[in-house]
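Here the structure is laid out as structure tokens; the discussion comes afterwards.
Chain lettering (A, B and C) follows the sequence in which the chains are written, and residue indices restart at 1 in each chain.
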Amino acid sequence: MSEFWQALAQGVLIGSTYGLLALGMGLVYGVSGIVNFAHGDFISLAMFMSLALFSAFALDPYVSALITIPVMALIGGLVYRYLLRPMAGHQFLMIVQLTLGLSLVIQNGILMVFGGQPARTPSIVESKLIILGDVVLRLPHLIAFVVAFAMAIGLYVMLRSTDFGRSIRAVHQNARAAALMGVDVGRVQVVTFAIGVGILAVAAALLLPGTPITPTQGLQYTVITLLVVVLGGMTNFVSIMLSGLVIGLSEAFGQIYVSDTLGRLVPYAIFVLIMLFRPQGLTWRTS
Amino acid sequence: MIGKGFYQTLASPWLWGVLAVAACLPLVLNSYHLHLLTLALVYVALASAWNIVGGMAGQISLAHSLFIGTGAMLSTALLLKFGINMWAGLVIAAAISGALGAMIAWIDFRFQLGHLSFVLITLAFAEMGAIIVEGWEFLGGASGLLLPRDTGDLLAFQFGGGHGAFWVMLGLAAIIVLVNVAILNAPLGYYLRTIRDNEKAAQAIGVNVLRHKITAMTISAVLTSIVGTCYVRYLTFADPYLLATPTITIEIVLFATVGGLGRPFGPALGALLLVPLGEVLRGQLGGAVPGLHYFIYGVVVIVVILATPRGLLPLAERAWRGLRRRGPEPRPASVS
Amino acid sequence: MLEVEGLVAGYGGTPMLRDVSVRLAAGEIVGLLGANNAGKTTLINCLSGIVQPMAGRIVFDGQDVTRATARERVELGIIQVPEGRLVFPEMSIRENLLLGGFCDRARPHRPAQMEKVLELFPRLKERLTQAAGTLSGGEQQMLAIGRGLMAEARILMLDEPSLGLSPLFVQYIFEIIDKLHKDGLTMLLVEQNLNLTLRHAQRCYVLERGQIAVEGDADIVKNDPRTRQAYLGL
């Protein structure tokens, strides 16, 4: 039974970070209709930036996030402005290829700078454990859970009750009408992309302690994020966070109750089934 | 059935001239350059096979690593574990790939997946395939499988190293490009383009979308699987990370995009330009700067998509027409 | 107040509008009439800065705004209430109205302006937190007009406000238009409904295949045989 609680706890804690990763993608998809296949490589980039800051200044990843968040947001804004926006009006599929190309560039740029050996960015809290009865929790996971949900709630409140948040939702619901209200649609799209990439820097810091990183991991993160976003119905905030938990849990239970390798299949199998039978994801709303 | 464009291409002296010149290359090139060309031809074949689905029908399939992986890993495993002749292995793998392809096309149709959903589902299938190969000892697991040395025994699917492999790949690449030309000039080609441009409208005017999608995907999967088997024979080592992960599909998609999607020679052009470039970079600088060639692929893709979203082929064609009008001796190297 | 001179505009090279000149004086209701595809929507999209004209000049309050962006024109007070209403369906009425007053000029006065708008449309006041997508067509039209007023419009351009509404609602909307006119608001009324527009506008322009066919006081336009012709596309 303790195995069950252990898997449950681990799934929820990891899943919350997956949810955060997916919020960034969902936000961008909502206002620009772009699915960014370099998403995971942006996460890698943020992680390796933290590694560099650790090597140079011995900064803890939680601290270096203060630097990586604005830097990543800036990179995101530039990428959108100079690579993605010029594609507006072209076929959607070309953006898939463009971001795949971008993924190669980032992934191998990292490889060229840092080499291919797996690396770690240690944190002071890395090996701290919290024991609740039979269940052993790692402190970084707990921090990830708390921060991810705090971020999600913060974003939700921002979207609901600030003018900027409303302008983001306006562009999502009807870009033309938003333009007629004086919303600068292009600017909203750039800023949203920057926020989406900035969020990744937060998620990177949350994932880093205790996780080995390699330059080639990007695609896996992209795929996990896609799983969560699609499961969450692409743009619905609450269901994206829930889907993060679903994927986290299915991974954790799969690894414990099925075999390690085949357990990794479980999230994909769930994904395919949901894609096929409930393409609108876990959203309740019908509109 | 097949339009006269196909027979015109088939009767073109350029086609046979280029093939004849290419076939003589092993006699003059050193083994490194031959290796570069063989590798380029592998990707010409893969990108052209992918083009049938990804270019003509406009469906960005990221599932093709399944077919390459089946063609490579399964045929190797059958030979090593059960002693099944690799020719038979090739057929078995191709049949399984074809069935997988048909299944994916059926799912796509049955559930009316949009373009994006199709990309995502095929990516999920590809990831699942990679996990299965990695976790299943029969297919070599994470460490891969090693084929016996190539002694040139044709009956045992051995082509005698560099020269033989080059000729096999040349033939295979030429056949797949010609299959592209044939489909483009056949009713199937028209149907696929209608489906690409507007699937609902195609269905409304009575195009049998399901049948054509399945046909295209099955042809593409079978050809891809065959290339996979030949490729692994050339490599001798069945590396799961090279042959069964989505990365190889992404490379193929990018080559095809750079060359020009949907046209028979576009993907071939992209592969012929980028593969040797990448390999030379890797050979020269790979030790010092790992990843440089992929980095450059990525940059080329981004630049080409931003500068000429229809790929390099339209540019190449314009240059080719210009040359033909002006100079009496155009260089045949600019066709594939 | 607004002068349009020699406007040429369209999509993808083929002009929908050829040499169109229109004038609006302050406080006037001007009707813009014409059959489907005559170019009415293209004209007001040009005025809103969503379509860039190929030639011609747009002058607002003595200021050349031909090249101004959509946002800059909203800041100037040139406000469009689009055809089909285009409310933000998943937002509440209140949020839709707040977005109407998004521009810098209107933002500081939003609470007071919202009072006025809700006074004008008591029906919206009752359902302030209801999602706009769940409203009836007529209520959505009220919301769209209210949203335009939130921007403190100096010119309100209404694109087909009667489209798809029940006769009762059409009558109501036009009463509102008269009320706004009495308060001194300048309006450009784009309509297919000929008689209704001629009754409420002081002056009218009739567009026919991208050109002004008839213009002048409502009575004159009404009796001009070319008006009917333009409508029937003869």
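In this section, a residue touches a chain if its C-beta (ideal position, glycine included) is under 8 Å from a C-beta of that chain, and two chains touch if they have at least 3 such contacts.
Computed from a predicted structure; not experimentally measured.
Ranked by how close its mean Cα position lies to the mean of all protein Cα atoms, the top chain is A.
Taking each chain's centre as the mean of its C-alpha atoms, the one that lies farthest from the centre of subunit B is C. In whole angstrom, the spacing between the mean C-alpha positions of subunit A and subunit C is 43.
In whole angstrom, the spacing between the mean C-alpha positions of subunit B and subunit C is 55. Between subunit A and subunit B, the centres computed from C-alpha atoms are 32 Å apart. Of all residues in subunit B, those touching subunit A in their complex are 58, 60, 107, 111, 113, 115-117, 119-121, 123-125, 127-128, 131-132, 134-136, 246-247, 250, 253-254, 257, 289-292, 294-295, 297-302, 305-306, 309. Subunit A makes touch with subunit B in their complex at residues 35, 83, 86-87, 90-94, 96-98, 100-112, 115-116, 215, 219, 223, 226-227, 230, 259-262, 264-265, 268-269, 271-272, 275-276, 279. The touching residues of subunit C, when paired with subunit A in their complex, are 48, 50, 69-71, 74-75, 79-80, 82, 86-91, 95, 98-100, 102-103, 107, 133, 147, 151.
For subunit A in complex with subunit C, the touching residues are 163, 166-167, 169-170, 173-174, 176-184, 287.
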